[in-house]
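Chain nomenclature is as follows: A, B, C and D, assigned in order of appearance, with residue numbering initiated at 1 for each chain independently.
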């Protein structure tokens, strides 16, 4: 393809976008608003999974020590814990402190503890794991291992809560994925068909180009580039509106995070490809004479 | 013209084209040599446009064969059709201009698709628009032009590329006698430079006066193919009685190769 | 024809129409009486189509006035334009058929919009399609018709409604002499039944032979308005030398009021 | 408008839908998939608020009785509770039963109760309120009133949980409403512009109709009816797909509910109006000559 051909393709693409501004803008806005639904969904999912992640990070493993343990044994356990795989932090909590915390946690029911004569709670280590290891299978294995150590009476890691939470989070992700898939497919379909309607409305011009001897590539490329440009403008529109929504949202919900810049760029590239592909498939029908 | 000099540029052999049970063309045989000027005459619905469409291969025969230069309808690949079209200028009966593009862009399109250079396009399009008397309308869009003006844009586009073959379907249908004469003059000039011209028209009176080869089509059949009886520059045959006010526009038209290439032999490029 | 009988159905007074700095029409004055048949002749770009467009009020004058029956361009409300159009049949130079509708539906449309009954529409459309020789193509779509066939569909649609005024822009541009004659015959018949006809054409030769009133337009001005010198049924003036094969189709056409209403005086309905 | 006019309008509308099947189907599918996003969102919102409602119904008010109360006093309190405004159900739970339940609720922490010498819990009434009255303001008033009764030691209604839950639910509804509004506006926009693209692509036919003397109403009505029909088909498509999604969903989530029939009918009518309105606004631009 020579220089003239390149210049032709570029000038054609610019010409196309310039004329028919009206319906171009309509398609860009249709595409942009469809994409907005998609990115809002992504933003919501992102923030919810951040919250889930934060909750997961709060999770601790409780290592209860035998009663009346010598301090050096207790410290040896702490060192051994710190040396174990996946453990990030180990905090010692004495039996007195534990009771105080329990009392507080019981809230309105705390008077039940008034009937206690002595502190039935043991000393404990609160162990923080690396977040990605907070899974019932890994923690189960770790707990039974640590329970075998000298001086350790029991290890608890909230198995029931953890399992319940895992089911819940998995359920959320399944539902989220389903909704996401529906939105994604709908948006792709809407966009590619919007581009298709545009191409159909230019059928006459395409026919003329064929009749004056344009090759299929020469006809297609400007349309495909136009589709890509429409996709990019639509993506920018969607991202722009999302920023507004985000700014509005942060006034009500603190700690809201935005899509990271890489994702935004990827999204725009994706939309460009989507527009190009919509044009391409729409063209193919006509060019088969 | 001796037989040895003749090269067949359009050959139609035992061609039929039917739409359902209706035969638009039946057993057509004809040959057009390089440099020939042929009129295709017949009443409305005779099949003139259909025949031309088969020649530029927008449609294909039900039976039989069309041969245009090196291109044979029965062995045509879709991807080579554009290269056929670049050697064939076409004036469509219904003009087929692109409404969203200016007159200039419409004419330039035919050259652009061949990969011609910008400056060459500009020179050639300016030139040809001046010749058809529409240079002052070059920035207008087709919908605001008069019928005759649109027709002249269509003609300009067809000859812009200096094609080896020119197919003209009713190119003077919307033109007054004065402009008709100047357009015929232009077509004759293109022909004199070596382009074979096949012009469909229903205007038997117009056509008879030139004593040129006429193919009569009726109800899809060739009823008479009058052999060429006049050879030379057809412009000499134009009636002098009607003084052309616009004839000056067409003076000095020379298509015979002072441009960037020999229009007649221009092949496909990429 | 005595002055007392005359009623002006089209009046154009000091009309100009400019596009930007370009004057397509300048100081036009003309009147057409009921039952008159007027040719509007001029070269390409003279302003014929523009003048007709101003008469059917698809466009409005820059200065001056158009009066069509009771409708005055300067006092026209948008909502009354449809009722003007129903009294005026129009043959457009570029046909303006709806591609997605069959020939029958295209012709029927003009009647449907007036609220005519289904059976009346069917009878009248069938009749008129037979007259223009296209009854066998009634279920076809315009894109597959030949140029001449499309033109005849456009004519059929224009006269289907038995209008008081018929505006025909180049109605024979795509027609061979035989069909041209039969179409003129049809127009004359419509005229003989009382419809005023204003027909734009560039074919001065065709027009001169009838000795009818001719308005010459050039570069937006009326350069000559030849008064009517022949009164009576114009069909008598049709050249006999060209035998019309299709003339039979047009026999027996009678527009003078045996149908459901008097076509000439049909007013707006709702 | 006479009989012929009516017949004309109907036959025109049918004609229009019949021809151009291709692009009609494209617009219906664009509209249908856009609407699908909307109805999926509605279905999800409906089911989540059902869950919230169910949780709210689980909420109880605990009326603790004084220790060693005579049975007739206790019964009088029960009768008085049953006679109070908004109370649906009153269940007696003895102190032994309460301790057993508490032990169970403590789960892994239950050994703390082993240090107890006697049952510190009182007898109680668990009171179920009408769901719409489970609001912290009403329950606060009710609690302080009942606390004044003879024989009642204390009334608890999980004030902190209730308030926290109320904040959470309110937050959910705000986010839900925002997303819903975005989806709704996007969908409306996409649909009306899809219809608009369709109308634009028929501009030539509209011009011709004007030129042969059709009044604006005669031109508009078939287009508006077509828009309405497209809206109806799109709505049916969306509802059909939603049914499939619902059937798929019930295999994984029991207790999923579907939109009620009235809402479905309302939705279809709404889509018909939407399509009609889209046509109408698109037409107006052309008919102004």
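By definition in this document, contacts are C-beta pairs under 8 Å (C-beta built on N, C-alpha and C of every residue); 3 or more make two chains touch, one makes a residue touch a chain.
This is a predicted model, so every value here is computed, not measured.
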item: Chain D and chain A - chains in contact with each; value: none
item: Chain located farthest away, centre of chain A as origin (C-alpha); value: C
item: Rounded Å distance between chain A and chain C, as computed from the means of their C-alpha atoms; value: 68
item: Inter-chain centre distance, chain C versus chain D - centres from mean C-alpha coordinates, in Å; value: 62
item: Where chain B and chain C are represented by their mean Cα positions, the distance between them in whole Å; value: 32
item: Chain contact graph, described as a line, ring, star, complete graph or other shape; value: ring
item: Interchain pairs in contact, sorted by label; value: A-B, A-D, B-C, C-D
item: Residue ranges of chain D in contact with chain A within the complex; value: 22-23, 26-27, 29-30, 33-34, 36-37, 40-41, 44, 102, 107-109, 111-112, 114-118, 120-121, 156, 158, 160, 171, 174-175, 178-179, 182-183, 185-186, 189-190, 193-194, 196-198, 200-201, 245, 249, 252-253
item: Touching residues on chain A, where the partner in the complex is chain B; value: 1-2, 4-5, 7-8, 12, 15, 19-20, 204-205, 207-216, 218, 288-289
item: Residue numbers on chain C that touch chain D, as the complex places them; value: 56, 58, 78-79, 81-86, 90, 92, 96-101, 105, 109-110, 112-118, 157, 161, 270
item: Residue ranges of chain B in contact with chain C within the complex; value: 19, 42-46, 48-50, 93-94, 144, 146-149, 151-152, 169-170, 173-179, 202-205
